[in-house]
């Protein structure tokens, strides 16, 4: 992995930007473009980033692109239901075979995240211009490298507990909000051969993906989620009596 | 829970017993009947056990029965695909709301287990009359209470690693086999408000569910998986600015 | 455990009450007495509670008492260094053999907690009359039963991250404070055959242990930490070639 | 870390080699020299490896050397008690501040491992020329990269469960032995800012550290345990009311 850049595909739903003036003003080229620029800005030559959106052919992820993606980032919100079950199947298969997945903000409610978690992924929310403070609870974790504790986000949607997810394999960030709510805002899981990171800051109504610390986390997460080797699936496998023999 | 017995529903696929003479000889009343008798034998008055099978109306689990089940046990093998997606949805919903689920042996490949795990749940196997030794790696866990380490099962199908599951929240048993293979054979997870236990001994070709130690584990698992309170779901919930106010 | 009450020993440092008028006004019989009354109030006949303090003979925990304790609760602050290493050895041994341990507030810095965690157990703090909100992040956990989310504590010392502990085996509560800080305030670990729960609310300068929800958590934790069976140690054990033989 | 090699210090007890002809025949330059050569063989320019032993000045680890060590490996057996408590204090402090630690075989019983785990670290054992098979249960873990599953070690001491350790944060390898025993033989923990890996193969009576797959695991573990940044301790820290202020 040291020699070849990590091939990151930024998947964006790409709908809010087209119909909400406020969102378009923050993200004139789409939220995905800003997410991609953040990853590139902080990961540099370690990554090669492409953007795709839901309205692209094959919903942005034809087989060939998915096969050549090391890490996929996912932001969606109002069109989760439009994502085809076939695509969800293919992304799940890719993750279990080793592809990294970084799920962002309202992506908690996407088909693919719920598929991989097995839980409802429901949470409490309020779009009320809260201040979010993102605290590091695992300071040596690579995803937390280089950011202050707390990261301060002046305006954000509130996401609060109970967040119905499997207990994370690694809990990295916990946020608090103006209303006093808390949220496990940076969570890592290993599923099959793939790594999954969920990072909650990033509502479309606020310019969160322009925040330098948030951008650094995006880059850290993309690098952290990169697979260590080629993809490999785990089939049901018959092991003959002599499959393993001591010479 | 101290006053009312835990309502355990034993779900059996019920197909092998009807067509395989060998299976029927071990389990003349069905594997489910033997599983149920094991739970009752060792949990006594703490449980009230019912049996249902795939070929019963509503595939054995009408809404009213599922609603009045505290812990569901699941054994299936050759008819996983016949289980309706609607039933899988309803069982998942019940587990996330608090119902316990005990998945047995080839149930690792059932729709409901794969749904709740989010992974392939694939493994390595060999039906070659292996001796299985079930070692306790968490001796204070309630599911391991009262059984020797190892439990010795003279004849069993081999299940071996890699077993593609999320890392268990609690690893209780690890088995070895005649061929030298190992397997995480007793695994616990918390999902939503429900508890899930997977216990691998129990192939239909061998009389495993007559083994006293195995029967005690079944009973322990049923009691351990029982919910602490009434079911409760976790919806996406809007939290108004004044939903929580310090007086 | 259903028949015999859980034998809970509440260990209190017992020094602040003797010299600080403010503390004595909240806890005229000692903090330990109030902690004990909370456990009894909410666990009822399930427990039998005794109190001891540092200034009692054998620092409150002679061998016979420790041997007959199912769950020990620990509150200390200004006299951690006075606790003898021999007592720490004996308590650690008891926990690993199955005794439950509930560590409260400034007990995070006690010798016994640091011994069992293996980390510094350091944290950030401010005694500034913060409001603490204690949120449940695992609503089905027995220790969270019956309390609202959040528990609101009007006045408390702030404890904030980074809290240098091993990642909890089960994370139950996360708190926020007036200053926006967050803290993993309810954490469970399994060590050896024993269960350990850390619950952070409870500074001596505020009447926290009179708060009904806090008292319920104390009771829940005491019941949760109770051992399932008699104590058992794990020695280095030689296993002869014929120690386990298939007949 | 990409530019500078990881500074690995191999600490060896160095006693068996001096008095046991059999051990000296396998390890004429000391076990530590063979461990070091394995790390260098498979990690190459990514590491810079030094060897020290118990009988060196300052028991091999003067403050300056410890301060310039990124990853420490530890093999000890018959002289655990000779290691000074002061050295244990210093190594623990270094690990919590970020230094990696790789504990090998009988090092499970060392003062430093017991200190960091908080448990007895006891296990079952038999020196009876067992065949050990080391199975990978987390195939995407960096420490398992490039080794077959199972690794076959023709002759080894048996280490068996119950192994009294905290549940690993990541379980990578599980071994089986000729006698049918199983053992969690590759375990990872995060403590403070440091990473700890325990790998059990490697008894002094067998030439295990000449085994190519074992050597690759040693190298993988050393690279995996390397810190991501400079050391940092976590003190008890007072946070003034105005320490964090939103502008």
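Labels for the chains are A, B, C and D, by order of writing; each one numbers its residues from 1.
We adopt the following convention: a residue touches a chain if its C-beta (ideal position, glycine included) is under 8 Å from a C-beta of that chain, and two chains touch if they have at least 3 such contacts.
All values reported here derive from a predicted model rather than from experimental measurement.
Undergrad: Looking at CA centres, what chain is most distant from chain D?
TA: Farthest from chain D by mean C-alpha position: B.
Undergrad: Compare the two sides of the chain C and chain D interface and say whether they are made mostly of the same residue numbers, over half shared, or of different ones.
TA: same
Undergrad: Looking only at C-beta pairs in contact, point me to the busier pair out of A-B and B-C.
TA: A-B
Undergrad: Report the inter-chain centroid distance for chain B and chain C in whole angstrom, where each centroid is the mean of the CA atoms.
TA: Chain centres of chain B and chain C, defined by C-alpha means, are spaced 33 Å apart.
Undergrad: In chain D, what residues contact two or more other chains?
TA: If we look for residues of chain D contacting two or more partner chains, we find 131, 138-139, 150, 160, 162, 167, 169-170, 180-181, 190, 192, 234, 244.
Undergrad: Line, ring, star, complete or other: which describes how these chains touch one another?
TA: Contact pattern: complete, every chain touching every other.
Undergrad: Taking the touch rule as given, give the residues of chain C at its contact with chain B in the complex, in rising order.
TA: By the definition above, chain C touches chain B via 2, 98, 131, 138-140, 142, 145, 150, 152, 154, 169-170, 190, 192-195, 227-229, 232, 234, 244, 246.
Undergrad: Show me the residue ranges of chain D that touch chain C in the complex, using the header's touch definition.
TA: Checking each residue of chain D against chain C gives 92, 96, 109, 115-120, 122-126, 128, 158, 160, 162, 164, 166-167, 169, 179-181, 189-192, 233-241, 243-244.
Undergrad: Given the complex with chain C, which residues does chain A contribute to the contact?
TA: So the residues of chain A touching chain C come out as 131, 133, 135-139, 149-150, 160-163, 167, 170-171, 174-176, 180-182, 184.
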